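The structures considered in this document are given below.
In what comes next, chain A is part of two complexes: it sits with chain B in the first one and with chain C in the second one.
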Partner chain A sequence: MSDAPAEAPGTDAEAGSDPDPDSTPNAGPLGSRSNRELIAWAAIGTLAALLLGGAAFPNTILGVLADVITDKDTLSAALRLSVPIAFAALGGIFSEKSGVINIGLEGLLIISAFTAIYVTDVTGGIWIGFGGGVVASTLLALLFAVVTIEFRADQIIAGLAVWLIALGLAPFASQVIYNGPNTPTVGTTGSIYVPVLAEIPFFGALFSASPSVYMLFVAVAASWYVFERTAFGRWIRASGENPKALDTAGVNVSRVRYVGILVSGVLAGMGGSALSLDLGQFTGNGPTMVNGKGFIAIVAYLFGNYNPIGAFLATMLFAGLDAIQTVLQLQGIGLPRQLIRIIPFVVVIVVLALVGRTRLPEAAGDHYESGEE
Partner chain B sequence: MSKAVRLEGITKRFPGVVANDDVHFEVERGTVHALLGENGAGKTTLMNVLYGLYEPTSGRVEVDGEKRRFDSPRDAIDAGIGMIHQHFMLVDPMTVTENITLGNEPRKWGGLAVDRTAAREEVTALADRYGFDIDPDARIEDVSVGEQQRVEILKALYRGADTLILDEPTAVLTPQEIDDLFGVLGELTAQGKTIIFITHKLGEAMAAADEISVLRDGRKVGTVDAGDTTREGLAELMVGREVLLDVDRPPAETGDVVASLSDITVDDDRGVRAVDGVDFELRGGEVLGIAGVDGNGQSELVEALTGLRTPDAGTVEFLGADVTDDSRRRRTEAGMAYIPEDRQERGVVMNFDLVENALLGSQHSTEFGPNGRIDWPETRAHAETVIDEYDVRTPGADTAAKSLSGGNQQKFIVGREFERDPELVVASHPTRGVDVGSIEFIHERLLELREAGVAVLLISSKLEEVQGLSDRLAVMYEGEFVDVVDPTTTTESELGLLMAGQDPAESDDPGTAESTDRDDPVDAPAGGERA
Partner chain C sequence: MTSADRARRVLKRLVAASAAERILISSAALGLSILLGAVLVLIAGRMTTCTASDAVYYFGTGFCYDPVLVFDRLFLGALGEPFSGGWSPEGQFSVTLRETTLLMFTGLSVALAFRAGIFNIGTQGQMVVGGLATAVLVLRAADLVSGVVGAVLLIPFGVVVGAVFGGLYGSIPGFLKAYADANEVITTIMLNFIATGVTLYLVSGAFKDPESAANQTVPLPEYAQFPTVLFGGRQDFSLVALAFGVLAIGGLYYLLEHTAFGYDIRTSGLQPDAAEYGGVDAKRTIVASLTLSGAFGGVAGAMYVMMVLGTFQSGLPSYGFDGITVSILAGNNPIGVGFAALLFGVLKSGTTVVQFATDVPPQLVGVLRGLIILFVAMPEFFRMVGRRVVDPGSKPVATDGGPAKGSADE
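What follows is the complex of A and B.
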């Protein structure tokens, strides 16, 4: 009894850093923070040691782990799991860079996940349902924008309210409409299969994925482009760093922030719709099927230093761990399932501790009113 | 000749305060016009009206002879007015070019992308035209304050400003950078731009401006030609009475030793030795001045004395007891009052009202807090005493410290500290950034304390201040006391030599003294960075 917990932390750490290599080759765009690089290099090292060890001793735990990591299904699952988190993280970046901390991402995911299923059920069109989820999330984000910008509500409290509203509303609506917290099953978005390319070992997973995975790639690239290349991206940054500078330059800060929040609503809505339509069902028990993904998204964009690409890679780390732990639970490697299940959460905590402080936008969380001293 | 700007009968009321009262103000095109006044006289408010940040309660604004109504800075920018605020409106993590073009980015691809090449070229061309030396790709957080100011000026010019308003532009600059700025102003007016220059410093107004308008208590009290006025004349206009720039004081009657520091050595935050073996004794009833270029260890010495920093070696004795390791709180309670050099960082909590600020430092004292509770009525009464006796101009004790002008914040801090009934007052740059009237007031209070037998340690980079108030004057250079002199028999050039780390006794060539004196501003930038 006392042996198991003593052994557990070591195993956690080992297994925990596995999928990190996903983020490694791209540590550059994350910025020059040495701790981030340190994590990335440590992950490469751990992974290399693990794969070598696995090759050398195929019949040990190392061998099993190495097999799991290099399995095409693991990448496939990681991509699928990362979709809602990464969309929400992108949305969070838009909002927070503009100066409004949106911790209601979880709520936006929940409301869009439910609405997507409901609209699909009513209209029969999966993509109409997808759009419906996006609209619902955007409307809730608009409400958040109005109370924080117009009525100067505290952003954190308003964000919590968004979460709580969605957390109560979605299962309640399901109860009223379907007599239960879980909706019936509707069609799913299915997947796009590229012949030949999908046969490639491991990376073939990239060519046999749900449409939402490809939409995510486009969204990551587009977000990066907006921040790095467009005037509006600069306004968003300025609005979060020094809104007064933007105001005196003649740009309406409130308008920029509205757009930032609405974009976060659209993106989170895409994530939520993709989440539920991937399964074809919304489950509303307890924390609902979203189950903290919106909060992990916040960690992901902080770890990614507000860079869309960084946030995506951070998401892949967390989602990859999640995928691995699912496989490990099924395979059974002599550890209690409960311990394996917590691996992603342990890694989130370790990463946060190691990254140290991410530099928040200077004016994030502050209300801004033009003409006030 | 047309007036670049004409303000007629501008009145601006805030709840409880009339900031501008029927002000008439006009500026000739192509000139530098200084808007002079004490802190809180309404200079910045008037210019914020011109810049569209405030809507005037009444009055009219004319630009180039045309009546204008500005709802926002955007309108003012369109009318060719640019403002460089005291606190720069720059986005630190963005580059110089990004900041200059913010809100007016050149676009390409039908607006889908910022044309970064064009932006860079436009900024470079603009900088060249006015002779600014600036790296368009540097990040704002990496460039000096003087460069940031030039970026602000370029930003206004980029938006097509013909009239530039500079709000206290010299407050954050080193003497060297101030010279550079005045050069820039000359270049700008030579190319037809009009400059309005807000300041409370007489000397700068006279040095830089063609015309000077003086504001007092929200009213304009006069406009004079910079060429035919004197410092005394301007000072009188500013405060409305004759100012004694010299202080009268009887000789010191020194009492017992109040504080004694021996062999104090302090390393600064970077681990560089800032104070190196300083010894001194301070007696009741005397003022010990410490002169020196900023950044020669004065701040660290003060922090070691007041308990904000533990010295790496040496002992601090206060009233006969060793307090080297005592906390700031214990030293305060023992009677050591402290006027910090950065008033907004350490003197007041900007978001607290004056009642709460009056309590700071006394929050543990039984006077305001029997049994650990705070007696708010008593605290309020105390705050009101400070406000009354130290002439703090405020709508009331419930006003937040941040809405007071700098001079009034300082008077409030001075009042709070003096009311502690201290044995020792450590006054670090007590009149920095404070208007003439308040300077005089603070000096008088310091001398009153001295007469009452209190020991005063006065740190200032203004020579006339330490010379005028001190009984003994220590000159600090690179962490050491170069010498302790009698301020009445030491000339400014001798002090200048000492401040540059030289002993005037070793050089009797007056020419050397002159040149070293001039070297001071060159040393100053290093100090400026640390301050």
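What follows is the complex of A and C.
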């Protein structure tokens, strides 16, 4: 970071040493909060303008866009696309709030996406496969936890390693087992259809979705509850903001961080399993089917300011864009396919540039060593 | 806590470790990764099927893949069979040097940024952009000149074009970081995806070779490609390019260690506050180091186009990501990058030999890459092991990053 005097680390340190982290949820540079709100309002404003424009001129490109946005299929695609990103983002929040930056979310998604298909293929049970993916991701997260907590590895480099290991391991295993980077297709999780409610225009998509979408809703609510209402949530926050205080209070910081990382493994694993079981196949060419979703998840929780609900809404913004671009591609209008595909990545950069520096938990990235040994 | 703080701490730890210790840790990391890789090969060999006669037996159990054979092929194969007589530079060894050359540039790219306290994950994208620019502009320029004069003019021109465009692309995350505080790890990763998408669009549309079914540019004429000296032309390796690489290593070493700008970069990486206090313009240094870092990535792309393919094709190999491993393994030292690049050149070139000789999937090297990074990232692990082996009773000292480093770190 630039470390200009006005925003030198010292400023942050003072904010972070505040005895009650609750009182400074947005203690970052002043601009960051208003920019974040600005983007949110800009997104809503653009949407409203598009819809109004579309209603006024139904036969123009605006009309087509408005149709696409208000289509039930778009919402349903956005929900589907947001599942892996939002799960990974929730996981990232648990890990980073506890003081360990988990940049390996992408790797956790990759390993669980592959394992879910493999276990489903072997056992025949889709939900057993789903569980298998979660276990694989949790084990990889455990490795990451041991390496960063016990052996004080740099969190960013170890996170990169987790990504690269999974990026090599999943196609390697697929090649060994299935003689190709792509697995054969297995069954999918299907979808739950709520009669009557699913008929509602647009919002009906909420009642005719894959089980993983409902699991995501539950996970978002549960994460919010854990952080806001439980002692464990407070420990996690303290472990990232002021580990010394937590230590003094008699709570083992390392143990809290282990749990934080393992929860991130479980959640990212659910996202990865849901991703591949939604299609019934794992594709491992190039960046694999995960294709940057883990990194978008990081931006989503930064944008959502470490709030599970905020992260979910940010994810819906990215996933919504992705859904719209998919529909536009199918309709063959406007921009060429390859360019439409990069829109979400461009938006991530623009959002990050505008939100700028998000205030990381004070001790995130630091190894914590309790005095006694 | 910013990423710069973090990077600074890593660098501090790396600098605190003596050069000898660093070499020891890197070698241990490499050895351990190979060992784990061997275990992985054995496990994979149990998961696949083969006939009993094809299997190898260890500890009374049959395995379909033989790790000894895999690593024998990987290393000896890549060196062109030095022990079986009839060694010639024409064979696989020149592939190894070709890969080494490319990895030198991507490794230097990552190392330079790292020394400034910046994680440049975007070398891959910078290489792609530089490569396409070189392919397109050299092709245009090739119409103007020809023959020996052409080669003398076009090759440096192509390298410069790659450097300029890679540098411009690298300056984007530089500006975003310096003036908008956007985390460079994420912006560079996003820019990689964007570079891939945009170049695919261009190379399948405006710049597409109409004669070819693949998404590629019109091939460059022979005189606009690196000449093969001493080595046969079959393996697309040029000693001239390798010489460029060695020069670049020397140049970056000199820049970092003996110039004022290099001093700014190093102090910004180690002590941004002190650097700022000492009059270093932090924002300018960030933009400059990422631009220069991108330039090295862009040159790697230019080399790939003018030495290996002779055209730009969508889907470049992941030299950029390998550059991260090369740099981390080298402790971000330019001279170390030379050796680490050679090692990874061996691994990459050996992969094809392994593919011919065995059924083991080539993605194995990708796994090794991740494992090596993981182990190099945890020097403490090796120190603990070392302490237990050398002096079981001794207390760790604070200066080597021992437990005395408390939460209040530094």
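Methods note: the second predicted complex is superposed on the first by the 338 of 373 C-alpha atoms of A that agree within 3 Å, B and C clash if a C-alpha of one lies under 4 Å from a C-alpha of the other, contacts with A are read in each partner's own complex, and residues count from 1 in each chain.
The criterion applied here is as follows: a contact is a pair of C-beta atoms (placed from the backbone, for glycine too) under 8 Å apart; a residue touches a chain by one contact, two chains touch by 3 or more.
Just so it is clear, the model here is predicted, and its values are computed rather than measured.
S.K.: Kindly classify A:362 by the partners it touches after superposition: chain B alone (first), chain C alone (second), both, or neither?
M.R.: In the superposition, A:362 touches chain B and chain C alike.
S.K.: So in the superposed three-chain picture, is A:241 touching just chain B, just chain C, both, or none of them (first/second/both/neither)?
M.R.: Only chain B is touched by A:241; chain C is not.
S.K.: Kindly classify A:231 by the partners it touches after superposition: chain B alone (first), chain C alone (second), both, or neither?
M.R.: After superposing on A, A:231 lies in contact with chain B but is clear of chain C.
S.K.: Thinking of the overlay built on chain A, is A:220 touched by chain B (first), by chain C (second), by both, or by neither?
M.R.: neither
S.K.: Between chain B and chain C, pick out the one touching the greater number of residues of chain A.
M.R.: Looking at chain A, the partner in contact with more of its residues is C.
S.K.: Tell me the contact category for A:289 with respect to chain B and chain C: first, second, both or neither.
M.R.: neither
S.K.: Now for A:251: first (chain B), second (chain C), both, or neither, which partner does it touch?
M.R.: So A:251 only meets chain B here.
S.K.: Once chain A of both complexes is superposed, is A:160 in touch with chain B (first), chain C (second), both, or neither?
M.R.: second
S.K.: Please write out, lowest number first, the residues of chain A touched by both chain B and chain C across the two complexes.
M.R.: 244, 247, 362, 370-371, 373
S.K.: Show which residues of chain B lie in contact with chain A when the two form their complex.
M.R.: 53-54, 72-74, 77, 83, 85, 89-94, 98-99, 102-105, 107, 111-114, 155, 159, 403
S.K.: Okay, in this complex, where on chain A does chain B touch?
M.R.: 229-231, 234-235, 237-238, 241-242, 244-251, 362, 370-371, 373
S.K.: Name, in rising order, each residue of chain C that touches chain A in their complex.
M.R.: 1-7, 9-10, 13, 40, 44, 47-48, 119, 121, 176-183, 185-187, 189-191, 193-194, 197-198, 200-201, 204-205, 272-273, 276, 282-283, 286, 315, 321, 324-325, 328, 361, 363-371, 373-374, 376-378, 380-381, 384, 401, 403, 405-409
S.K.: If you look only at chain A, which of its residues touch chain C in the complex?
M.R.: Within the complex, chain A touches chain C at residues 1-5, 7-9, 12, 29, 103, 147, 151-158, 160-169, 171-173, 175-177, 181, 243-244, 247, 253, 286, 291-292, 295, 298-299, 302, 336, 338-339, 341-342, 345-346, 348-349, 352-354, 356-357, 360-371, 373.
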